[in-house]
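Let me begin by presenting the structure, written as structure tokens, before commenting on it.
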Amino acid sequence: MSSFVVEMKGINKNFGEVCAVKNGHIQVEKGEIHALIGENGAGKSTMMKLLYGLFPHDAGDIWVSEKQIKNMTPKRAIDLGIGMVHQEFMLVNELTVLENILLGFEPKKGLTVDFATGRAQVQQFIDQYGLDIQMDKRIHQISVGEAQRVEIIKILSRGAEIIILDEPTAVLTPQEADGLFEILKKLKADGKSVIFISHKLDEVMKISDRISVMRQGAYIGTVQKTETNPAQLAQMMIGREVFLNIKKSEVNSGAKVLDVQDLWTSGEKEISKIRGISFEVHEGEILGIAGIDGNGQSELIEAITGLRKVEKGKVILAGEAITNLSVSNIRAKGMTHIPEDRNKRGLNRALTIWENIIATHIGDQAFSKNKVLSLQHSIDYANELAEQFDIRPRDVTMPTQSLSGGNAQKVVVAREVAMNGKLLVASQPTRGVDIGAIESIRSILEKVKEQGTGVLLVSADLEEILSLSDRIIVMFEGKISGTLTASEATDTKLGYLMMGGKTEEAAHA
Amino acid sequence: MRDFGKSLIRFALIIALSLVIGAIFIMIIGENPISAYAALVKGAFVGKLNLGKTLANFTPLMLTALAFAVGAKGGAFNVGVEGEVFLGGIAAAYIGIHWGFLPMPIHLLACFLGAMIVAAMWAFIPGALKAYYGVNEVCSTILLNYVAFYITSYLVSGPMSAGVANAQSDPVADQVKLYQFMKPSSANVGMFIAIIVGIIAIWILNKTTFGYKIRTVGLNASHAEYVGINPKHTFVKTMIFSGVLGGIAGCIEILGVHGYFLNNFAANIGFNGMLAALVVKNNLILTPFMAFFLGALKSGALGLQQATSVPKSIVDTITAVFIIIATMDLLFQFKKKKQIQQSDEPLKPEASQEKEA
Amino acid sequence: GGSEPAASTNEGGSDAPAKTRVAIVFSGNLGDKSYNDSCYAGALKAQEEFDIELKTLEGTEAAEWEANFLAVAEEGYDLIICSSSNFEEYMKEHCANYPDTKFAVIDTTVEGDNIVSVSFAQNQGSFLAGAAAALFTKMSDIEGVNDENIIGWVGGMDIPVLHDFYTGYEQGAKYVDPDITILQSFAGTWNDPLKGKELTLAQYQQGADVVMNVASGTGTGILEAATEAGKYAIGVDLNQDGDQPGHVLTSMLKRVDSACYLLIQSVVEGTFEGGSKQYLTIADNGVSLTDMSVMKEALGDQFPDEILTKIQELQDKIVSGEIVVENYEGFGPNN
Amino acid sequence: MTFEKIINLSLIYATLRSATPIIYASLCAAITQQADILNIGTEGIMLTGAFTAVTVSYLTGSWLLAVIVAMLAGLVMASVIAVGHLKYGAEITAIGIGINMFALAFTKYMLNSLLGKTGSFTDPKIIGIPKVHLAFLDNSPALNELFNNWAVTEWFAFILVGILTFVLFKTVWGLRLRAVGKFPMAAQTAGINVTAMRYQALAISGLVGGLAGAHLSLGYSKMFTENMTNGRGFMGVAAMFFGGAHPVLTAIGCLVFGFADSIGARLQAYGVPSQFVLLMPYVVTVAVLAISMATKQSREARKKSALITTAPSTLTEKRG
């Protein structure tokens, strides 16, 4: 018997050889916001997926509202009032927002979906919680923040009483995150229970009532928010102390390494079309690009790195024009690139670590003699990088899909940084990775800069932008809405510019 | 090694199940299943003629199966191997007939090169249509197979006709005919060429930068693009690679088996190759074995028809049942089932449903 | 040559005189309602009369043809009948290796001491069919016959032997009416009756009222089109007059059945003459038209008897040599 | 060669007539494709349906019963695919090809053992699917030629295109099916039983495939022949890809093919080499597809271009 809305005891789950959760516990009280934290791969998502019935667990008991539940399925979970916003959004791109929300719980009019009734129901939740969404857009037309709101409305409209949010803030701006917290507070006020997974300790401290920590699949402990501090949490998570705020080194900027002149390029959405952008990056400098996701940052990076056609304007890398050259050509001239989406772009998940590491080297003599891959050299090289960048586990013949997010990201970072290019484009380099990995990736970027490489950093995480960049440009609707130096930049100024305000006004903000 | 043993046992069980189902059919028509199956085995393996038939069946199947599998590795579902075989064949026939002035080794090489080039050009069409315009290659290759068939059909009943009762070309020069080593069957040294080509193809895919590019693009094209591999070029090259293998298959059939271009000679060669590759889910190493199995099944089926009064339709039905059962991977997957039961012991013994993660 | 004891190829031990063992290999399947079935019918008739052992092997692909052919050759049958020209190359290559086996081939000629080749003057039969069609299309008082002088012809695959058919058909039609229009189509397949039907309907649409079928399995659809469109067709190989009664004007018979029967008979009776070739013409009754009795019954009084007399007249002229029917290149008595 | 003998009203009906079996086949493939299952077994399902329809019609004299049983036979074949693929992990295309081989051989065997025929089966006792005679069209020669005497199943093919479009895009089931096809995990988290949806898609596909076969053997003709589908199932799959599994676009693909095919049937009669005429419909279909894809691509490129502003207001307004 238990008096918790959710209680999971002694949970074990293996995926083939991988042990994702061993002896997992969590106890959630009604009406609390319960944070679940842990490093990448600690098994947080797996615990929650087991609770949601996405796959069966190998051992342990699950109790929901004081009933032991066997054979949990998503359908069953939903009926029990569990709603989950997954780490990767469960939204069908080709369908509209409304269709996605109604999916599985469609109001019916005869055989057809009664969209009118559905729309009215959804509107109720929009009004109640002040969640702003556009119901008739398709998912690929909306921003990540909006997609998240869609996910929340989706589970609310299904009558969720127990709400699981798996890293909801990883993709949000601070303003959006604050908005989310407001919503969570309202939900809590309405008596709903929230399980909140995050890597960001300050958020956890801000919003949660109690905090459970997992490490390497195992339960470590649960603490009251009021009785703990971030340092202790980090220690519980990682097993050692961490230092997130790396000391920024002196700007030692040299020659222009990237010169973007009046760049125009196509966009997936109207507001993400790039319409005339100019800026420079110097050697030994980190230029940060801030902005709300979907304001053209992705398109800009693609245009610079050769992945998108430049429609007008010039891109010059270390004095050489690289406008519309092929990716391989641009890379050959010294461009390196950590892409924003490691699973889609950065890695070939089905291939091994070493195969991913050499992806940018297959043309090199050392790696392929007469177009025949040199296996030994490749593996040696990969092992070297794995050591240097602390990729765990240290087995480079593992497929990258079995790595945790942080380690997968380290593979990408290692490959790109080891190229020793003239410019490193780092797009959301720490998105969704744990603080241990964040720490190491940030210090790597800092080191790269110290070696005299120019770094172009795009991040939705303002704290990251502020702590790393020497200069910051802010993008809004495909243009630059302002440029700030590190010393003059603040959260609020950036936030204001991200909403489209002008620099002078920002100064007064 | 243990895995290999397991899959052998599984394969044996699949065969056993197919045999039982087949036996029911055979008994329904009042024949003795034991002697029928003896005839099947004899038809596939016993005697020079029968074994030779199996080998002769195996040769083109292995190449077309690899042609399909190579395409699949690069992300192409290439139904068009059949068309490549036809056009490769006609090119080999043309060169074999008309370029007799060349000395033998060069002439032979020319036949192969011609077949490879023409077939590659043919495969280029759907490849480029997909890469540059997004035209689905399943659609275009299904349609283009017919076009290839009619083109060759036109050539051998018109400009290249031998003027005999059938639509066929003149015979190719004797010097380029491939030696048949198991007469009277048409098994020929083309088989060794095919095996070598097959080994080279597998090696290219697994060991070279080109193969690396193909696999990368096939698994994740946008990753490929990002690391500087042009997915469009690579896709087209993959199709060309596939076409080359198809062309070689056509060339060997013409020079080794027929000695002239016979209208519609490749009917089903491409399709059965595709089947062989698909059954083993495009596993390059297993593909040739599956091709051999299908080749043996085919000649065994003929043997069954020849030696007993089991009608061909029953023989073909049994063959189809064999294939259907062979596709079912999880049939007789004892290992997996046991594991699930073990791990689920404390809880429910319900079958797993962890499909996609 | 004398009759070789069939037992020589059998396992010894049996006292009774062994049955003559005959195998027929087909390039295609039985049930085409034309060529292959005709051949099989002749063999069945022989089986009834002579108590022979009969084995038939079907095959749809070239690889199967050769394999089947070799299998029966290895088995040591007394007589192997190769039902079509598709076997020509295999016979050239392998027959010499089986001197004790007798081979026969239909529709083409293969040299060899143990081979008899049988061909047909299909051009002569088609001549009569063409003439009949040309006469019939003028009978515009018969229902379904228009006043345009257009006739049609639908073939299976576009291969040389079909052009031999067409050459005769065209000549016969033009003999009757030099200004006649003949529509020609190929289905590109031997076994797609629906394609045949579509092509035939298209020809009817374009004014033809009689269409000749030379399309094996595809032909079923040609005949069906005649019934559906209320028009007329001409059958081929076998007597197809009754397949769509009242809509099949006549059929051009190609007596593969009697050729097959005679071949078996020659082996049983020991008169098989290896190395010979036969070219069966109208005069030998190798090809002919049906008597149109089915059509006559269907049309009743409307049936134009003059067609029958005219056809008979033309047939006599061909036999006497007054009319020489042309062959397509590569066909004819000397090929 | 007279132009009006080639291009005339009868050409339109001929186009529809020769496209209809492929439309059915393509719908059979489209339903499963919406659930992301490539149904190469269409050909075999259709052939089984064709055989069953003729047999039942011959034995019972009822075309309606024949059509129903044919659909059930299609369902049985599709169930084999479904169980093999969904339960036993068979590669979908491999088992599809296996089903095609099975259907080809098994219908031939049944033709022989059940009906005692080889090759093909025609009999006056086979009752075909009736033709719809619209008496009020009799007086208008053009309309009469165009619309009169279509087989019931020819009309129904177009109705079915409408029905499926409705089912896929308006009904609850359709919404769920499309979600399953595009993102099964999302559907699963919405409490939808993904496997059950896939079974259902294959089942309906089997019913449609059986109907396709029934139309072929009782509507388009009145006979059964070995392998009478002759690649029409594959053409259906090609057409399905042509139309991106959307019933209407898919049907348009079939009509393009049917049109080129019918023109060919008329052209051939005038001495154009047969092979060129016969390959024309395939080339035309590929060409039409390529051109339409190319235009679509450039249209989309234009839509995304920064140099062309599609919705100027949103930008300027907000900036102001």
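By written order: A, B, C and D. Residues from 1 in each chain.
Assume contacts are C-beta pairs under 8 Å (C-beta built on N, C-alpha and C of every residue); 3 or more make two chains touch, one makes a residue touch a chain.
Just so we're clear, the structure is a prediction, and the values are computed from it rather than from any experiment.
Visitor: Identify the chains adjacent to both chain B and chain C in the sense defined at the top.
Guide: Neighbours common to chain B and chain C are D.
Visitor: In terms of touching chains, how many steps apart are chain A and chain B, taking the shortest path?
Guide: Contact-graph shortest path, chain A to chain B, evaluates to 1.
Visitor: Could you work out which chain's C-alpha centre is the most distant one from the centre of chain B?
Guide: Result for max centroid distance from chain B is chain A.
Visitor: For chain A versus chain C, what separation do you get between their C-alpha means, in angstrom?
Guide: 75
Visitor: Distance-wise, how many Å sit between the C-alpha centres of chain A and chain D, to the nearest whole number?
Guide: Roughly 44 Å separates the two chain centres.
Visitor: Taking each chain's centre as the mean of its CA atoms, how far is chain C from chain D in angstrom?
Guide: So the centre of chain C lies 36 Å away from the centre of chain D.
Visitor: Can you check how far apart chain B and chain D are, centre to centre, with Cα atoms defining each centre and the answer in Å?
Guide: 28
Visitor: Touching two or more other chains, which residues of chain D qualify?
Guide: Chain D, residues with two or more chain partners: 108, 185, 273, 275, 278.
Visitor: Multi-chain contacts only, two chains or more: what residues does chain B have there?
Guide: Chain B, residues with two or more chain partners: 150, 153-154, 157, 312, 353.
Visitor: Check each residue of chain A and list the ones that touch at least two other chains.
Guide: Residue numbers touching two or more other chains: none in chain A.
Visitor: Touching pairs of chains, which are they?
Guide: Final set of chain pairs in contact is A-B, A-D, B-C, B-D, C-D.
Visitor: Please give the residue numbers of chain B that touch chain D in the complex, ascending.
Guide: Touching chain D from chain B are residues 29, 77, 129, 133-136, 138-140, 142-144, 146-147, 150-151, 153-154, 157-158, 271, 274-275, 278-279, 281, 311-317, 319-321, 323-324, 327-331, 353, 355-356.
Visitor: Could you pull out which chain B residues touch chain C in their complex?
Guide: So the residues of chain B touching chain C come out as 47, 49, 53, 56-57, 150, 153-154, 157, 161, 163-168, 184-186, 257-260, 262-265, 267-268, 299, 302-303, 305-306, 312.
Visitor: Using the touch definition up top, name the residues of chain D that touch chain C in the complex.
Guide: 5-6, 8, 10, 14, 17-18, 21, 108, 111, 117-120, 122, 216, 220-223, 225-228, 230, 261-262, 265-266, 268-271, 273-275, 278
Visitor: Give the list of chain C residues in touch with chain B in this complex.
Guide: Contact set of chain C toward chain B: 29, 55, 57-64, 66-68, 70-75, 85-86, 88-89, 94, 97, 107-108, 157-161, 188, 329-331.
Visitor: Taking the complex as given, what residues does chain D use to touch chain A?
Guide: Its residues touching chain A are 167, 170-173, 175-176, 178-179, 182-183, 185-193, 301, 304-307, 309-311, 314-315, 318-319.
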